[in-house]
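Residue numbering begins at 1 within each chain, and the chains themselves are lettered A, B, C and D in the order written.
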Amino acid sequence: MKYSLNSRKVAEATEQCLKERGVKKRDIAELVLFLQKDYIPGLTLEEVYGHMERVLAKREVQNAILTGIQLDVLAEQGKLMQPLQDIIYNDEPLYGCDEILALSIVNVYGSIGFTNYGYIDKKKQGVLSMLNDKNDGKIHTFLDDIVGAIAAATSSKIAHGYQAELEKKQLTESEDANNI
Amino acid sequence: MKYSLNSRKVAEATEQCLKERGVKKRDIAELVLFLQKDYIPGLTLEEVYGHMERVLAKREVQNAILTGIQLDVLAEQGKLMQPLQDIIYNDEPLYGCDEILALSIVNVYGSIGFTNYGYIDKKKQGVLSMLNDKNDGKIHTFLDDIVGAIAAATSSKIAHGYQAELEKKQLTESEDANNI
Amino acid sequence: MKYSLNSRKVAEATEQCLKERGVKKRDIAELVLFLQKDYIPGLTLEEVYGHMERVLAKREVQNAILTGIQLDVLAEQGKLMQPLQDIIYNDEPLYGCDEILALSIVNVYGSIGFTNYGYIDKKKQGVLSMLNDKNDGKIHTFLDDIVGAIAAATSSKIAHGYQAELEKKQLTESEDANNI
Amino acid sequence: MKYSLNSRKVAEATEQCLKERGVKKRDIAELVLFLQKDYIPGLTLEEVYGHMERVLAKREVQNAILTGIQLDVLAEQGKLMQPLQDIIYNDEPLYGCDEILALSIVNVYGSIGFTNYGYIDKKKQGVLSMLNDKNDGKIHTFLDDIVGAIAAATSSKIAHGYQAELEKKQLTESEDANNI
């Protein structure tokens, strides 16, 4: 039978993969809250979920998640060829393909997310601290960058949406003023 | 008065800028048709316009267009500091900031647009040939890359949309089959 | 024993991987000649090899090559998880992680290589035509992009070197003139 | 007279520009020390300068510096067209062309620098705090990102160099051991 992509299956597999590797949506949402709390007063987890779903629905994002987790899993099982096996297994500092895949996630909502991504990655904030624990036998060389990137992209999306709302509100207020 | 961004004005200025620099939407749409004609049978200019509007509505895209055209205009007027003035005026081959801004446009619909961007840029297809004419006194060091990037991003958007439609059609057909 | 990276082994593995997947250095060098022949008169294969070795010596480049070929090989053996297996096996058009890894290779010598990469990728020039043959049972979803990216990065390096030589020559000539 | 690029002049203008905008090389070197002090024991300012010179000698880096500072200066003088003038003057949060140019600097030594760039940009470390002061009439919308990017690229270069030295030392030690 001819190959034919099924987008729903790609989306479901992505969600399943994140869950199986120990990342809950709430974990990512809390990273977003941490990044945005000083800029968007009163931002709630509920609102974050809504925006995050849109980020996770992007094919570009799903591709990066599936590819990165696949490499983590194979490294954990010792099934990569050498020296790539050692490099990924040990999260070698000079290996940057994890950052590259992560950047393709951030890019989906534009360059204003670059600094947020770098910041939480370095700070090992929230769930990122667990993913960076090198003593539990789990390999998350790609996943920690991916999770940080999803949080950064969601933050960018929220920033764009917040500006749109502000302007809508200003417009209404100015219309109200004119109607007096 | 406190500064407050007006998104509508940014969008209008972007449209105005493209027009004033001699780029019609039809020019870009024809680049898209050239890129997609072999993949999307029956694609019409009307459909291309619809997708292109969505690309041009992205703030990231508008920022790159306004910034690039500003640098072109200032170089044309001889108002940049040296040696940047000479570099942009002469479209210096080792200067790559034009490609960088262009890539930020392509990125908005993901990495599958990279090769389309490079391809039409090299081929000097359609309006890109006019923009590369070095003998008319006009400086389009940034604009030719920007126009190619808008066409490439629109092509990516169309490719994603086409897949979604294909799957929807397959779903309906399979439901029809099951109903027999 | 504590893990310790051995850079020589990474370099050797990269060279070995390319060879085993059917890509000769001469194939890549000929892509470079194709890209540069109109700009650098008299460019020889020997000179291209020299520059290409420097590109291939970059860790960032080696990482992308090893990672991409690993994913190709696993897809060929049917060992990836679904739906990633189908996506990479069928070189799914909406999958862009191959372009992303390729771009990390191009970036090493800067943005002026973006368009060259896109151009030969689309043209399926030289060895890229063989790598894109979908009927030989071989999977080169990542490798074709990687090979194009190595050629584009080498071209950028040559362009930078050519400019340096031009300026050196001009300097000598102007010094000679002053000495008369 | 035909235009002909003079690389020495580009390099000198870059150095001059940074100085005139209030950024001393020592400022950037201290950012590098801050980023690397935990990874490279005993790293000195002298060593940092050596690596930083190599980063600043890259044409790609010089292009981004000259272009970014040019836009800052014109915004400071009120000479950009609207609404770009307001956007850059006010360091508008949804404007990302500054991050994009910065990333082209980071990229020169590869993706391992992305997170360092994001981290110091967010932390407003050292000179970045001065560049972000919005009350001194100076506009540094591009420059703060550029300075952070130079520091991040230099850090990547140092990390690559440190690994090379480590391996050289291990090689010598193992040769010594074999000679006993």
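Going forward, contacts are C-beta pairs under 8 Å (C-beta built on N, C-alpha and C of every residue); 3 or more make two chains touch, one makes a residue touch a chain.
A quick note: this is a predicted structure, and the numbers were derived from the prediction, not measured.
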Request  = Give the chain pair, either B-C or C-D, that is connected by more C-beta contacts.
outcome  = B-C
Message = For subunit B versus subunit C, what separation do you get between their C-alpha means, in angstrom?
response = 26
Query = Which residues does subunit B have that touch at least 2 chains other than itself?
reply = 5-6, 59-60, 94-97, 100, 103-104, 110-111, 160, 163
Request  = Considering only which chains touch which, label the overall pattern as line, ring, star, complete or other.
outcome  = complete
Ask   = Can you list the subunit D residues touching subunit C in their complex?
value = 4-8, 58-60, 104, 107-108, 110-111, 160, 163-164, 166-167, 170
Inquiry  = Under the stated contact criterion, what part of subunit B meets subunit D in this complex?
reply    = 3, 5-6, 9-10, 13, 59-60, 63-64, 66-67, 70-71, 73-74, 79-84, 86-87, 89-90, 92, 94-97, 100-101, 103-104
Ask   = Which positions of subunit C touch subunit B when the two form their complex?
value = 39, 93-97, 99-100, 102-103, 110-112, 114-119, 121-123, 159-160, 163
